[in-house]
Each structure stands twice: as structure tokens, then as C-alpha cells.
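Submitted below is the structure of interest, expressed as C-alpha cells.
Order of writing sets the labels: A, B and C. Residues in every chain begin at 1.
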Amino acid sequence: MTDHTTTARAPVRPDLAPAELIASALGFLRRVWVMRTLSILFVLGLWEWAGRIPVSPTFPTFTATMGALFGMMADGSLFKAYGETLKPMIVGVGLCGIFGVALGLAMGLSRRFEWFTLPVWVISQAAPMAAIIPLITFVYGIGLGAKVVAVVIMAAPIVVLNAYTGIRNVNASLLEMGAAFMATRAQRIFKIILPAASGLIFAGFRLGLAQGLTGAVLAELLITPTGVGDLITYSRSIADYPAMFASVFSIIVFASVAVTLLQRLETRVFRPDQRATD
Amino acid sequence: MRVAAKAAEPIPLRTTAAPAVRLGGVGKMFGDFRALDGIDLDFPRGELTTLLGPSGCGKTTTLKIIAGLIEATEGEVLVNGRPVAGPGPERAFVFQDFALLPWANVLRNVAFGLELRHVAKEEREEIARRNIAEVGLSGAEHKYPHELSGGMRQRVGLARALAVDAEILLMDEPFASVDEQNRRKFQEDLLRLLAHEKKTVIFVTHSIEEAVYISDQVAVLTRNPGRLSRIVRPEIDRSGHFDDLRRTPAYLDAVDEIWHELKGYLEDEERAS
Amino acid sequence: MTIYGYRLPPWLALGIWAALWEIVGQLDVIMLIPPLSAVFAAMGNVLLTHSFLEAIGITLEAFGIGMALSLFVGITVGVAMGRIRAVDNVMGMWINIFESSPITAVVPLLLAVLGFGMQTMVVTVFLFSVWVIALDTQVGVKHASASLVEMARSFGASKRDLYAKVIFWAALPEILAGIRLGVIRGVRGVVIGQLLIAIVGVGFLFETYSRKFIMPEFWALVLIVFGFAYGLSETIGMLERRVARYASVR
């Protein structure tokens, strides 16, 4: 983005020619944040317009949706719902993180274990694990446990595979250096392998978070109505479409913010060569 | 300059003390490929011996066998009279590609060997600082490897090896990834450093000039399979100015002699293929 | 891995898992897990029924149309993003937002607005898969070596030739990677969409089997769908590796 520099010209005349005005306006418009804000306003405007036509009796305007959203925030129902949904999500993703890294380590360190378990993870990464979610109730009922399992099913493949890749691809030279300075096995794992793989492990965690949220929402839509999933289902059942759209809107915003924050953290903390290209 | 006899006979010891490292009939197979064949070589204590030869002659393999990172398939390897069974505290390795922890600063990298030995933090940082000064990197303690040039990174690697205070220093083409100007400076600095540290150094390189410049003893290896071809002792007087070394007759003769040895061998190789 | 010098192929590991499944099923440890042999036997029941063929037909139709749409839109937008800075700056923001969002949450909205039919399924598949296709296409186009582009232009390549003969081929490995991921997400989308719609397609079948607790048929269907997703993604993966071989010369 280049702005027009006027240093080489004669002193600015008070009455700028129209061409210059347009040029500088375009320059301003080309600024990244300007374009992005304009696109957001455009989309929201489109939404508002579509709601007013209306595209469908079930399609609310942007303003109606925002009204419902603030209503839900004001009476606390939104936060209560998120509290419900986030519980299994945090537990599930946390479990995935710990066991995912442990599994990744086992696979990275033992060729045998890798040969045995890798195909399972590779297939489950391609497969629509969501199909299994309805089955969960038979074993885990409809409580927190069931929802945690749903989160784990969705998030585990990607967390494990990223941890494994990171650990497998640790620079061989560093491992040799560790051996030369007589590192014990524990030292090798905690001082060399895990720090070297930390970038990809974190990336897997970030991706797993998005999947885990999907799992939690799906569990709430399919198994047992609680939390945000319940907000959606309930508002639909009473035909309160602004509230329904508001709930979904909040999920999208929440997920985007969370993932963006994690990405920022990742760029700040980890070196360029460590970041995943997902 | 004296050229010792071809290594068919056992090498007469130069010092009365036992050699720091002794290789007896060492051989190494990688699958069906014979990398090393019947290496008999002594590394006198307190001297700098270079393993020199074209790529593929097994010099790095030999070094890693001495370091205990690879196992020999035949023969025996004695360090201080005892057979080698893996890496040990009396040997320290300097890597060709530096092998620095990218997420640790210079201070931690230099102290890493001590950290692995559970030396207390204050103590190991103090030792690290001393060695960082030895290699001329004072002030860079809190920098990270990606902020350093190749030459500086290698100094960190060297400082790390010095910090563990091993009697035997193993250096695997340490200046190969460094540019030419820095390389010469490194060679001088190494000589200066070793002048007041009584260490046995085993050095690997493919540069004849480098070998002759720094070594008390040069072991020339040929390849396919890796065999010891000749041992050359450049009797160079290093007490004077390091700059002038490269013009002394002893230096030039040694370089010439080794070059002719290798040239003859390479020509034989070419004719055979 | 090797045993006594023999290289064991990876798929053999799956054979061991299959054997384990059979044993666990025979032991009747959990009602949920029937013996693998029963599952295979049930496959006949599943595959040959009218309801399955109908369900598959609907599913494949939704999947096909949705993927075609997302390929078209995704690749076009991705190329535009890769070549035009302004498009990249604006669209990039939106695509990144949606690429990692739980689109699953949007499906109930689609149901409310578009109803329970083919439209919803197609849009679901589209919304699940288009983002990653656009993103990877953009990456591929950006990486298309600038010097290749300059070379082509110096020889007077027309815009069309430039894109068709140089940029497309240079970006192909990444585009294929995006398509592979898009396909996986598309399958996920069609399954989730149908689970939530619950009255058509394989989603309906999953619902029915699990509700009526017909486990062998359920797992048979799972194997079929998983196999389809994995098979499709591996085929594209093979193509990708073929293409990546020449591309590694970059």
C-alpha cells in the first residue's frame, strides 16, 4: 500500500484538484483496516436488507439479532449457557492435550508403537467422527461424561497427529548432541524433544480446540439440550429466530476470537520454523 | 619435517606416556558397505591430531566411534586405556552444524552440558560465562542462535564443549560451515586457546592447509574402504606469530607432501573407475 | 517396522486391530461392539436394502453438488486472493474466521431458513469445505515462483496462458492439498447435516440404527462411510504426491 507522498511537489494549494482528492481517497481506502471494516459493514448491511425483504419469515434482520443478543447477555442466559458448554469442552480438550502429547511421544519414540497405532489416527482424521456421537449415550448417558467423550472424539485425531509429527521431526542433530553430552532418556524427552516439538504440539492444540467446540455443540444438539446448543434448539422451538441467530452468531464470534488469540500467542511464543502450516 | 612410515607397522609412540586414545584394527560396516577397514592409530595425549581425507573416507565415522556415538563392528577403541562403551565425561564433541538449542540463549546453550550433569545453576552459569569469554563472545550471553552468525554459533558450540572440561576434544569439521575469513581467524584462535589448555584434540577436516596449520599429527585417510594411508607430522615451530606460519618451509612442505599423497590416490581412483 | 528383517506393511496393523475387534465382540464385553464378522455379515443387509441405496443416492448427490460448488468458488477466490493484494486482505479475513469456526452451529439456522431438503445439505457441504480450498489455493498461487511468472510474461504469455499454463500447474500441489482437506470436511458436513436433519440420507440411517440398537448394521454403515471418506482422500493424496514430486524442484 503506497500513500502518495507530496514532498517533491510545490507547496500544497488550498484548492486541491479533484483528481488529487480522488487519488488520496483511494489511497485511504486501500488501507487494509479500512477495506476490512468496509467489508464487514457491507456484509452486515446485506444481512439487514435480507432480513427486511424478508428472505424468509425465519430470517431476522441484523438489528433484531443484535437486540436478542444483548438481551441474552443482559439477563445472563448467554453466559450461563457458555458456562455449561465450556465445561465439557475444556475438560475434553485438556484431556486430549495431555494424552495426545503422551501418545505422540510414544509414537515418536517407539517405531513399533507407531506402526501399530498410526493407521488408526490417520483414518480417524479423515473420517466423519461425528457419526459416532449418537452412540455415546448408550455408554455414558447424557451427562457431562457423554459430552466430554464427544469433544474427545472430535479433537483427539488432530491433537495426536500434530504432536506425533512434531516429535518425529525433531532435528536429528540435536538428539545426537544430547547423546554426546550423555543426556538421560528423561533429559532427552524434556529438554530436547518436547521443546523442539512444542510449536506443532501447540498448533495441534489450537486446531483441536475448534474441533472440540464442534463436538460440544453437536453433543448438545444431538444428545442432550444444555448450554448454547440448548439456546439454539429452544429458541427455534418457540420460533424466536432473532435469539436463535444470536446464539449461533455468538458461537462463531467466540470461536474466531479464541482461535485468533491462540494464533497470536503462537506467533509470539514460537519460532517461525516451529509453526505448523495447517 | 619428518614423514613417518606408511601405517603398516605399529606407530611408535612420540611421548613416553600412554596415548589418550588408541584405535586397534577398528573397522565399521554399514549393512554391506565397508566404511572403515583396519584402522590402527594412536592419539598422543596433549596433542592435536587431525583426521584428513576426501569425503566418504570415514573420518567422521571414526570420530563418532571415538565419541561413543557409533559402535565399531571390529577392533578395539581405548580411551585412557579403557574400552569405549558410549559417550563419557572425558570426551566432548563439537558439531559441524553447531547443534545449538534454538530456543535457548547463548548462556544456556554453553551451560547445557553441565545442566545435563545436574550442576547447580549459579555454578554452571559462572563456568559458562568464563568459557563464553574464552571464545570471545562476551556480551552475547542473552542472544539466541538465530540472532548469531554462523561463526558466532560455532564459537558457542566450542564454548559448550570447553565448559564440561573434558580432556579430549572431538571436533567434526567445525569450521566447514563458516566463511573463509572467519575460518582463518578460528584456526588462529584455536591455536591460541590450546596453547594454554592441556587438551588432547582430535580434529576432522578435508582441508589440507587447515590440517597442517593446526596439527601436531595428521592422519591421512583414503576411501573405499576407509583406510589409514599415511601419518604426517608437520614439525612447525608455533611459538612465533601465527600469521607467519603459513609461509614457513615446514608448513609448505607438509602441505605439498600430503597433497601428493592424496592426488596420487585420487588419480588411481579415477583410473580404476 | 521390521521383525526379523521383514518389513511389515502399515495396513497389517489394521489387520491386528480387526482381529482385536473380533475378539472383543465375541467376548460380548460391551453391547455396543458386535464381532467384526457380524458387522461384515450385516454389510450385505445394509448395502442391498432399498433404503440404503436411496440414502446413498441422496447423500452422494448433496455431496457432489456441494463439492462442485466449493471447488468452483474456492479455487476462483483463492486464485484471486493469491494474485490481487486487495482481495487477499479482505477475503482473507473472512476465510480465516470461518475456516476454524464450528460451522456445525450454523446448520440449525440453515434448517430453519432453507428447510429439511437437498438445499440445506448442499449448502452445508459447501460451507464446510469451501474455506480450506480457497485458503490452500491462495497459498499455492502465492508460492508459484515469481520468476516463473516473469519468465512467462517476458515470452509474451497472454493472461489466460499465464494462468492456465504456468500458475495453475505451479500451484497444483497446494490446490490438491486443499481439495483433499475440503473433501474430508465435505463428508463431515454431509454427515453432520444429515444427523441434524435426521430424516434423510445416511444421517437418517445412522439415527435409525442407533435408536433401534441394530449395532452390526450401524457399524457396517460406519465402515462404509469412513472407508469412502478415507478412500477419496487417499486417492487425492496420491495425486498430490505425484504432483509434489515435480514441484519439489522449486
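Rule of thumb we're sticking to: contacts are C-beta pairs under 8 Å (C-beta built on N, C-alpha and C of every residue); 3 or more make two chains touch, one makes a residue touch a chain.
Since the structure is predicted, the reported quantities are computational estimates derived from the model, not experimental observations.
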Looking at contacts between chains, which pair has the highest count of C-beta pairs?
A-C
From the Cα centroids, identify the chain that ends up most central relative to all protein Cα atoms.
A
Computed over C-alpha atoms, the centroid farthest from that of chain A is that of chain B
Between chain A and chain C, tell me the centre distance in angstrom, where each centre is the average of that chain's C-alpha atoms.
19
Chain-centre distance (mean CA atoms) for chain B and chain C, in whole Å, is 54
Between chain A and chain B, what's the gap in Å when you average each chain's C-alpha atoms?
51
Residues on chain C engaged by chain A in the complex (per definition of touch)
1, 8, 10-11, 13-14, 16-17, 30-32, 86, 89-90, 93-94, 96-98, 100-106, 108-109, 112-114, 184, 187-188, 191-192, 195-196, 202, 206-207, 210-211, 213, 218, 221-222, 225-226, 229-230, 233-234
Within the complex, which stretch of chain A touches chain C?
30, 32, 35-36, 39, 43, 55-56, 58-59, 111-112, 114-120, 123, 125-128, 130-135, 138-139, 207, 210, 213-214, 217-218, 221-222, 228, 232-233, 236, 241, 244-245, 247-248, 251-252, 255-256, 259-260
Residue ranges of chain A in contact with chain B within the complex:
171, 173-174, 176-184, 187, 191-192, 195-196, 198, 271, 273
Using the touch rule from the top, collect the residues of chain B that touch chain A in their complex.
67, 69, 86-89, 92-93, 95, 97, 99, 101-103, 112-113, 115-117, 146, 164
